[in-house]
Each structure stands twice: as C-alpha cells, then as structure tokens.
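Got some structures for you, see below.
The same chain A turns up in both complexes below, where it pairs with chain B and then with chain C.
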Partner chain A sequence: MLFAVVANRVAMALLTLAGVAVVVFILLRVVPGDPISMMISPGATEADIAALKAHYGLDAPLLTQFWIWIAGVVTGDFGTSITLHRYVTEVLASRLPATLELAILALLVAVLLGGMIAIAGTLMRRTAGETVIDGLNSILLAVPDFIWALALVLLFAVAIPVLPLTGRIDPELAEDFATKFYLAESILTGRFAVAANIVSHMIMPTLALALPLAAVIVRLLKQSLKEAMVQDYVLLARIKGFRELRLVLQEALRNAVGPTLALTGVQFTFLIGGTVIVERIFSYPGIGNLAIDAVINRDFPLIQGLVLLFGLIFILINIGVDFAVATLNPRLRHS
Partner chain B sequence: MFNVTRRQAFAASGGLLSTLILPQRFASAAVGNTLNIAYNVNLPSFDPDIGPSSVNPTIQAIYRSIFDQYVGQKPNLSFEPGLLTGWGWSDDKSKVWMDVRENVVWHDGSPFTPEDVVWSIQREGKPDGGNPVAFIWAGLDNFKIDGKRIIADVKQYDPVIFKWMAFLTGYVLPKAYYEKVGPQGFEKKPIGTGPYMVDAYEGNAYLRLKANPKYWGGKPPFETVVFKFVGDATSRVAEIESGSSDVTLEVPYEEFDRLKGKAGLKGVVTPISDIGMIFITNIEPMLDKNVRLAMCHAVDKQTIIKRLLRGYGVAIDTLLAPEYAGFDPSIKVPYDPALAAKLLAASGFSKEKPVKFTIQTTRGFKPKDYEMIQAIVGMWRNVGIDADIETYEIAKHFELRMSHKLAPAAFYNWGNAIGDPTTSTGFAMFSKSPHSAWHSDDLDAKIGPLWGEKDEKKRIQGWTDVDRYIAEQGYVLPLLQYAQPILYKSDLKVTPNVSGALQPTLVAKA
Partner chain C sequence: MEHWSPTATISTTDSGPQPPSVAMRLARDPKVVFAGGFILLLIVIAVAAPLVAPQDPLAQNLLAATLPPIGFTDAEPGFLLGTDGLGRDVLSRVIFGTRVSLTVAFVAAGLACLIGSLLGLFAGYLGNVVDTAISRLVDIWMAFPPVLLSILLVAILGTGLHSVIAAIVVIDWTRFCRVVRTETKSQAQMDYVVAARTVGFSRPAILFREIFPNVVPVLIALLTLEMGIAVVVEAILSFVGLSVSSDTPTWGGMIAEGRQIVHEAWWVLAVPLSALFATVVAFNQLGDGLARSLDPVLRR
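Take a look at the complex of A and B:
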C-alpha cells in the first residue's frame, strides 16, 4: 500500500518535471532576447554571429536542441553555463546549500515566531493584548519580503549599523570549508566564531523571508487554536483544573496544528521563491541571486537547470508536507 | 545536571548577540591594508576573452586587476605600454610588429613569453572559440617570434586593432597553464600577470584579491582587495554609509549628493565613455527629414540633465563625447522648439495634427532612462510630435536591434572606452553593423571607405565629417554623456577613470 503511494507520487513528480522541462525550454525560445544578441559585438558579421551560435549549440533545430538537452539531463548533465563557463550541475550544487540553509533557518524562525505569537494571542483572547497582536500581525501580513529587506537594511545596516549587510560570510573567514553548507559545517566542527559570523550575515535576509510567513502562521494557527479551545475535550481538561497554558499546548495545539502545517508547506515554496529578490538585496550567493543574473544574461542552460531545480524543490516540499500531515492526522494516516 | 536561572539565560543570550553584532561596530574604521569595494556587478567568469562577461564594460575593472592587456590605458583614455612595450605597422600596413615586455612572471611564478601573446591572439581570433569580437583578432595571422619581437601578417586591415588591445577581450592569458588545466580548471584557479592575484571567490558575493609582489608595474597600494558584488543600489548606499565598504560607485545621484558631504566620506563625479542616445530607424515616419530634425531640435538636453540627473552629465550633439578622437565641438544641434515646429509644419504636422510614432525605452537599466523619455515625449508634444512610450527589457532591445525591428525611435546607451569613432559612430550608424538602426545608402557611402583608411589624420577627419552629416540629416538623436558617481572614505584618494572602470590600482591612501 505504502509502496504504491510512494510509486504514484514519484511518477507524478517525474511527469511534472518533464512538463516543466518542456515549458521552460519553449518559453525561453519564445520570449524576446537570446544570449547571442546580448553579447554580439556591433562590428560582427552574419558569419561571426553564426559562429557564436554554433559555439553555444544554438544553431541546431529546436527539436534537436531539446533532445540534446533532455538526454543530458537524464544522465545528470545539464550542460555548460554560457556566462559562468562551468557545468550547470556543478554551479547548482555549489549554490543550493546557501539557499537551503537560509530557507530552512527562515522557516524555523517563522514557525517559532508565528507559533509563539499565535499561542500568546490565544492566551490573551478577548483582551486588549489580542487586539494589539492582531494589529501587528496585519502589518506583518501586508508587507512583502523585499520591503522587509529594505527596511531591515535601513535599520540595521545604516541607522544602527550592527549587522553585516552583504554576503554569506566575511571574506577573510571564507576558507577551509569541506562542504558548501557553511553554517552546518562550522557548527559541527566546533568553529563557533565562524558560525556566529555566518549567522550575523543571515539575520537580515532570514527575517525578511520569515516575517511574512510568520504572519500567515499566526493568523491560521490562532484561528485554529481559538476553535479548538471551545471543544469538549478542552472544556473537560479545564474542569479538571488544567492551567490555560497547558490547555493550549497540551490539548488544543495538537489538534489545531494540522491545517497550519499544510499551509506552511505551501507557503514555504513561496518563501523559496522570495529568496530571488532577498538574496539579491543582501548579495547572498544562493540560487535566487544566481537566477537573476541567469535571466538578465539569457543564460539558457543555467535558467533551464534552475527552473528544474526549483520545480524539484517544490515537489519535494509538497511530498514532505503531505507525509507530515498524514503522520500527524490519524484519520489520514489510516486511510 | 545543572540549572540555568532566568538571569543566566538572559546574560548568555546577550553574550551571543554581542558576538554576532559587535564586530560590525568596527566596520567604519579607517582603511587599512584591505580595500573593500561595493561593486555594482557580479563577476560571472574569470575568462576575459570568452563569453558575455568578456564584453561587459563594467567587469573590465576586475579583469584589469588580475590580467594585463596587450596595451595599457590611462584614466584619461590615452594609451600606454602594457604587456607590449612597443607596437606599430609596416609602412605599407601589411604587417604589424609588437615588442613584448621582459622580466614579467605569471602569478604561479612561471615566465611570461611572446608565445603567450601569440597564443592569446590566436585563441581570441578563433571564429568558433566563443569570443564575441573574434573578427577583430582574426585580422592578424602568420605570427613570427624573433626574440622579444612578434611580427604578424595583416589579413584584414583594421586601423584600431592596437586600440582594441586595450579594450574588450584584449587580455593575455597563460598558454602553458591554460592548456594544462583546461577551461574549467582555469575558472577554478585563474592566473594572470596583473597587479592582483585571485585569493578567494564566491560568485554573487565577493572576490578577494592579494597583491602580486612580483608585479612588473610595482607593488599595488593595498595588500588585499575585496570586490563585494552588490547589485542592488540601495544596498551599495548602505554599504558605504555604514562603513562596511571603502568605495562604491553607480549610486543614485540623490544619494550621492546626500552622502558626499557626510563626515568621513568624499565623492567624485566624472563624465565617462558612456552615452545616452535615441536610435532612429529608417521606417515611417522617420523617412521624413523634417520629422527627424524636429525631434532633435525639440529636446532641451540641458534641462533634462539639470532636472533629472541633478546636473550630472554632458549634453552631446554627436555620438562622440569630448574625450573621443574626432570630437568637433562646432557640430551643434541646438534646442530650438520654434524651428522644430516650423520643420513639422513644412511636412503638414502641428500640435493639432501631430506626427505619431512609438518610442521604446528601458526602465531602470540606466539612471532615469524612463523619466528622460517621458520628459522628451513631453517636449515633443509641445511642437507637434505625439509619441507612445513602450518599455522593454534590454535583452529585447538587443534582439530587435539585431533583426532591424526597433520602433521608429528607441533609447539606448552606448559605451566606447577606447574613444575611437569607429566604435561609436561607425558601429552605431553603418548599416552592415548588426547594432545599427538607421540604414541608408548615402550614409554607408560616407562610412564605408573609412574602415580601411590608412592615413590616420584623414580617417579621423572622415569620421568628424560623417558626424556632421548625421547631425544635418537627423539620423540619430544623441542626448548626453553619462557621469559616474563614486563615493569613498575620506582617507582615500580615488582617480576617476573616463572608461568607467573603477580599478583598485586607481585607489590609494590619501
């Protein structure tokens, strides 16, 4: 049974990725602008342009180009980036860890912050405190991640310059890493000064990404908790003399968390999408920042690789969320 | 087991926070042996001769730090010896000679040789090698090395080839090392003969360079140079304002004016070899000379520069900026709205019955590009021209221009760091160039012979005459020469570069 479910999800994922591959390949060729026109010199002749097209494999018929690319993808070869002169697979592998560390940290912050505010709001329901929390949360919801990023820049990099603004680590510390997971590696190898430096670089982009998601979590979880708090099992626990905090954490939270978890999963994909702008503002060297340059330069192989990677990440997140929700919800688990 | 009190937990949190943030408080200290530059573009590739980044003018400052060019270029665009100490033509221009600098070593300690020069030119000239200006280098062939002198046959005469040796893709790479490590290996560990050596690199984040102690031009002023790739202008402003970077460039003029007088900071603005212009395509209604000339006379460039660019910029009437060879200040296309209205009236147009067309522009690609076009459209409306604005991405502009499908008018910026008229008027106006918009036989007849003109004086005068003819015919609408704002810490001295390349070697301690 479980095997069939997993096999079905994997098949669907592969089908989705194949669709993404076709769409991105066609779109890139339809949208105006190609890498050759971006770089060709004004003095070039038709023959020079043809030679450049041949050099980058853009002279073949579209179907042939697609076949060559997709045959490579199947074997793990995504081609060579036109602008970076490096294998796309290698580039993606070197940039993905930075985005993953940032996104996971932002998710953790969003869940913790959103969870705590939601619980506090539930505890303070029908008081002035709840009104304040709802008001602040509305502001958090209304402001998009890139505005948070700019506000944080002005606050912590200009007005009170206490945080580093750009990069992933101070350039003088960036050495001797065996992997590209700088934060995880520095913690695991006990280099806490380096880890602190990396975290200091991540605070602003993490907050910019986390605050809007935290607001979504607050709104949904608080509503779910409020509904749970009037259920019979909570009333029974209250009659037994449980304190309010225990009622929320022990009785209501477990039943209220399901819808929030499902929505957080969906929102996490938006958070990953948000890295494109946020990484740019903070010059954070992840796949988001890479994507902007790839699009500006019309680096076809790199854009195609990035879109497939984003697609794969979204699919994996959705699968992960589905399994997590099923695990937490006995009715879904048994069905 | 141990117990942590609330007070202890609070103290520990404070300690961690201090560890995270306190080191940054020293970021605004005086410049030491490390120069931090908040740079406006990312460095995609270390190969200065291949691919899109090789022809990106903004990246040249980084390439010039690591590699040397055949011919050097001073900040005022004049030329000086680089890895070639001398160069020239045979009397009949059928051969070139180049003398190679001696006692130069690559960053790995191996000697630089004339073979490196020959191999580099041949590599750059391969038609299928990925060099976007391969046709320039392919004009030389049959190289012979005699001691430190190289002699080559001229396959196709190009009067500006030695100027190109100080321009895009004119870099010398290490033959033996490159052949040993291959293109991918070179990207991972590039070496050159330049003043700085690559020490660490993280794409989209930073490039850390170390001074080359054996540099033939003397030891560079800073031990370490860090290029921080900060693509966002707001972030660059924050970098310099917070003291995290020592120098930055290309910030909004409003921010430049705000910060240049701030304690601890200085600013300089220099006109650079980058101009703003409006291409005119030879389609209706631009086939009417009166319409073209009216477009040109109706634009008050000085007001645009004053109001939109805070006075930073130089109005131009030809595609040549004052620093270029062949620039003639007597060629004028004055602001004269009355004349513009009269010209339009002669063709049957007026404010009530305006001539209509579309003008294309980028938005945010260059400072105030869209706002400038809005202002120009407003000025045109006052004389009887009704233009619709269409915005597009720069990539679309390139593709449309290459296929000769631009709208009747299209805004663009044109760089020309070697200051020769062929690389501005020539390539922008000759119909055989894939980047020209106006195609007409009369203009081609005037430009054509200049490509092969062997008398330098006649060649430059020829381009000046072409510029005068273009102005009289209204074949293009030159607008302004851009000015580059640079902000830096007050204990530094920055020598502005007219080419726009902010090279670390042009920054020193005051």
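Take a look at the complex of A and C:
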C-alpha cells in the first residue's frame, strides 16, 4: 500500500518536473532580449551574431532546441553556461553545497528555536508569559526573510559590528578544501577555527531564513501541545506525579508533533526559495545568488538547469515529508 | 454557514445575507481597527504625497549628502529623517514610495485574487477533467521558487510597474486557486447546494449566486494577506533593480541604496525598511482580524 502511494507520488513528481521544463523553456524563448545581444560588442556584424547563435544552438527551430535540451537533461547533460563558459552541471555542483549547508542549518535553527518557544509557551499557558509570546509571534509571523535579513544587517553589521557582512568564509581560509561542503568538512576534519569563521558568516543569512519558519512552528506546535495537555493520558501521568516539563516533553510532544512535522516540510521548500534573495543580500555564493545573475544575464542553459534543480529539490522534500508522515502515522501505515 | 432554508423564497437573489452584526464585530476588533487605520493613513499619505512631503523627493544636493536624522550630530532641521547619498530627503522619498507600494498591493493582489478564485471555483465545482488540469497546473507552478520566478518574469517582461504587477499576478494566483478550490468543494457538498440543484437552478447560478458568497469571507482575508506579500515582492524586485525606473522613489530601491552605504548612513536603509515592516505587519494583522470576524467557523 505504502509502495503504491510512493510510486504514485514519484510518477506525479516526474510529470510536474516535465511541466516545469516546458514552462521555463517557453518562458525563456518569448524573451525579447536573447543572450547573444547581451554578450556582443557594439561593433559586431550580422555575421558575427549569426555565428554566435549557431555556436550556442540558438539558430535551430524551437522544437529542435527543446528536443536537444531534454535529450541532454535525461542523460545528465544540461548544456554549457553562456556567461561562465562551463558545464551547467559543473557550475551547479560547485554552488549547491553552499546552499544546502545554509538551508539545512537554517532548518535546524528554526526547529530548535520554534520548538523551545512552543514548549515554553505551553508551560506558561494561561499566564502573562503566554500572552507575550502569542502577541510577539503574531507580528513575527508577518515578517518575511527579506526584512529579517536587512534588519540583521542593521543590527549586527552597524549597531553591534561583530559579524562579517558578506561571503561564506574569509578568502584566505578557503584554499584547502577537498569538497565544497566547507562547514561539514571543517568540522569533520577538526579544524574548528575555520568552522567558527564559516559559522560567523552564516549566522545572519541562517537567522533570516530560520526566523519566519520558527514563527510558524511556534504557532502550530503550541496549539497542538495545548490540545494534547488536556487529554486523559496526560492527566494520568500528572496523577502519577510527573512534573509539568516532563508531561510536555514525554507525553504531549510525541502526540502533538505530527501536524508540525508535515507543515515544516512544506515550509522548508519556502525556506529554500528564500535563499535566492537572502544569498543575494549577503553575497553568499550559493545557487540562489547564482540564479539572479543568470536571469539578469539571460544565461538560458544555466537558468533552465537552476529552475529544474529547484523544482527537483522541492519535489524531493515533498515526497520525503509525505513518506515521513505516512510512516509516523499508525492509521495510515496500516490502512 | 448560511444555509438555504425552506422558509426563504427561492426567487431571492440575495442568497448569502451577512448577519447585521458584522460591521459591529469588525469595529470592536482591535486588530482590524489599528491595522485598518494604519493602512487608511498610508492611502491618504500616498494620495496626498506632494502635499505631505516636506521636500522634493528627487531634488539632489550633494552638499547635504548623508545627513543623519534629527537628534543626531550634524543633522539639519529641514531633513527630519536625514538624507541619502545624493542628498535627497529620506522622509519625502519614503512618502512618495508609498504610491508604488500601495498601487502594487491593490492592483496585483486584486488581479491575482480575481484570476485565482475564478479558476478555483471552476476546479472545485466542475471537478473531473477541469479540476485535474487546474490542480496539475498549480502543482507545476508551486515547484518554482517564487522569488526566482518573479525575477525571471520581470527579466522577460522588461522592468517597470506593469511587469512587477504582472509577475506577482502570474505567481500568486495559485494561493487563491488552492484555497477557493478546497472551499468550493466543501461548499458544493452542502444541503443548500443540493436544494438549489433540486429546484432547477442553472450551474452558473449555483456557482456564483449560491456558492461564491460563502467563499467570500475566506477570500477577503486571503486578499489582505496577499497585499502584504505583494508589497514585499515589489520591494525585492526594486532591490534587485528590476522594478520601476530609478528616478521613481520606491522602498525597495531605497533599501538597495541603503544596503550599499549602510556603514556611512544606516538611516537610508533603516527608514524604508521600517516603513515596509510596518506595512506588511499591518496587512497581516488586518487579514487575521478579518478572518476571525468574517469566518463563521472561527467566530463560534
């Protein structure tokens, strides 16, 4: 049963990705400005332009271009970036680890922060403390990553200038890495001073991405926890003399976490979408920052590759969440 | 929920009368009053910008560049919130910036709402092939990161206010479509719809006169939230340099300039960012308040 559900999801995902491929391809081809007009020098002749178009395959009929591209994608060949003169797959592979480290760190921070505040709010229920948490959270729920990022710039780069404003790592430290997963690699190889440098660069973008998600987690988890706290099994545990914190952590949390888990998965895709602008603000060298440059330069193959990559990540997360929820929910597991 | 009741005459066109106390309830909700009041104030400021603004928002004065706000050393009395890198008055530019932000909020959110809810109504009510086609389209749309898609669209359409509005509509119709589809589906199961069908109402009549009025409360709350989102998207596009031309003051454009000179003149970033923050929070709180007051389920 579970297998059928997963197979169905994968089929749907492939269909969606194919749709994404068609949409982005058509969108790009109706652009008035093409990449050639962005790269030619003022003195170029008609013949030069034609030669460049032929070089990048932009002179072929649209259907042929689409066919060539899709045939390449299926075999793992996404073409060559027009502005960077490197394989799209190579460019994406070199930039993706930075974004993955940022997004996963932000997810962890959001879950920890949101979880702790939700638990604190549950412990303080029906007190002034809960009113304060609810009031603040209803405002924070409205604030998007873009505003957080710039507010953090004002706070940690101007008012209390303790954090580096741009980049991923100090340039002189970026030399000897075997992989592009700088943070994970520096921690695993025990170079903690380097790791600290990377973390100091990541604090602001991480918080900007994590805080909106944390606010969502606080609202939903706190509501679920409060509902769980009035159930009979919590009452029973309370009669046994368990302390309040233990009631929340051991009894209520386990039963309340399901809806939050599902929502966090969906929101994680929003967080990854948010990396586009947050990476831009902090000049963080991930795929989001790359995407803005690619669009501004009309780098068709790179944009196509990036959009498919984002689409793939989104779909994988959604499938993962469905799977996790189905596995954790006994009713779905046995149906 | 307003159910069709046998005592009401069938010929009545007013199928979804609101309880008379809605206005009262709205007036008593502090969220609606304060947030709504703030947005009304913004509208007045935007309309009366030339009268309210103390200076010409475009007037450059390099001798008076990066003056801090009143209360800091070196401040000049004519410039309440300081000046930017070209000596333009920050307060006046923020005041004129409300025009672009509010235009985008109302036009883009309104159009996204119109298109999204129409498609959602059709998908939810007609079902079958229509529903499958529209739902699949929504899925494909949702697989794009919204910021990337909006930048892509504006890059395609060319910069300018029209492109920004078009981009927001093209991206955010899905929000309305999904909610309205679900809501329509659940409304279509209700007794009053069955009754209307039994007495021989046409399908368009059932959809627009019976079902639609019951979807409106959800829609109004969602529309208000979308206005807040639209304001942020416009700011992001201005920030990346893809919104209106640089000689029109926009909050996002000011934020981008402020980000460049943040170490010399923090107020060039802080002032428009605060305006953006307050506006987004206000739209959100208003949406919350409206949802609570208008939604018959939440009301109970």
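Note that the second predicted complex is superposed on the first by the 319 of 335 C-alpha atoms of A that agree within 3 Å, B and C clash if a C-alpha of one lies under 4 Å from a C-alpha of the other, contacts with A are read in each partner's own complex, and residues count from 1 in each chain.
Rule of thumb we're sticking to: contacts are C-beta pairs under 8 Å (C-beta built on N, C-alpha and C of every residue); 3 or more make two chains touch, one makes a residue touch a chain.
All values reported here derive from a predicted model rather than from experimental measurement.
Enquirer: Will chain C clash with chain B on chain A after the two structures are superposed, or do they fit?
Expert: Once chain A is superposed (C-alpha atoms), there is a clash between chain B and chain C.
Enquirer: Any idea whether chain B or chain C touches more of chain A?
Expert: Touching more of chain A: B.
Enquirer: Looking at A:H85, would you say it contacts chain B, chain C, both, or neither? Reply first, second, both or neither.
Expert: first
Enquirer: For A:I296, select first, second, both or neither according to whether it touches chain B, chain C, the two together, or no partner.
Expert: Both: A:I296 reaches chain B and chain C.
Enquirer: For A:G273 in the superposed arrangement: first (chain B), second (chain C), both or neither?
Expert: Second partner only, chain C.
Enquirer: After superposition on the shared chain, which partner residues are touched by A:L27: those of chain B (first), chain C (second), both, or neither?
Expert: second
Enquirer: In the superposed arrangement, does A:V153 touch chain B (first), chain C (second), both or neither?
Expert: After superposing on A, A:V153 lies in contact with both chain B and chain C.
Enquirer: Tell me which partner A:P164 touches in the superposition: chain B (first), chain C (second), both or neither.
Expert: A:P164: touches chain B, not chain C.
Enquirer: Should A:I281 be classified as contacting the first partner (chain B), the second (chain C), both, or neither?
Expert: Both partners, chain B and chain C.
Enquirer: After the superposition on A, what does A:P144 contact: first (chain B), second (chain C), both or neither?
Expert: Once the two structures are laid over each other on A, A:P144 reaches chain C alone.
Enquirer: Kindly classify A:G320 by the partners it touches after superposition: chain B alone (first), chain C alone (second), both, or neither?
Expert: neither
Enquirer: Just one of 152-160, 170-178, 188-196 or 224-232 in chain C runs into chain B once the structures are overlaid; which is it?
Expert: Stretch 152-160 of chain C has C-alpha atoms clashing with chain B.
Enquirer: Please report the chain A residues shared by its interface with chain B and its interface with chain C.
Expert: 32, 150, 153-154, 157-158, 165, 280-281, 292, 296, 298.
Enquirer: Within the complex, which stretch of chain A touches chain C?
Expert: So the residues of chain A touching chain C come out as 12, 15-17, 19-20, 23-24, 27-28, 30-32, 138-139, 141-144, 146-147, 150-151, 153-154, 157-159, 165, 272-274, 276-277, 280-281, 288, 291-292, 295-296, 298, 303, 306-307, 310-311, 314-315.
Enquirer: If we count contacts the way the header does, which residues on chain A are in touch with chain B in the complex?
Expert: 32-35, 37-49, 51-52, 54-56, 81-87, 91, 95, 150, 153-154, 157-158, 161-168, 171-172, 174-175, 193, 196-197, 199-200, 203, 279-286, 289-290, 292-293, 296-299
Enquirer: Under the stated contact criterion, what part of chain C meets chain A in this complex?
Expert: It comes out as residues 136-137, 139-140, 142-148, 151-153, 155-156, 158, 228-229, 232, 235-236, 239-240, 255, 259, 262-263, 266, 269-270, 273, 276-277, 280-281, 283-285, 288.
Enquirer: List the residues on chain B that touch chain A in their complex, please.
Expert: 16, 19-25, 27-28, 34, 38, 42, 44-45, 47, 50-55, 127-130, 132-136, 168, 183-184, 187, 200, 202-206, 208, 226, 228-232, 234-235, 237-239, 241-244, 392-396, 398-402, 422-423, 426-428, 432-436
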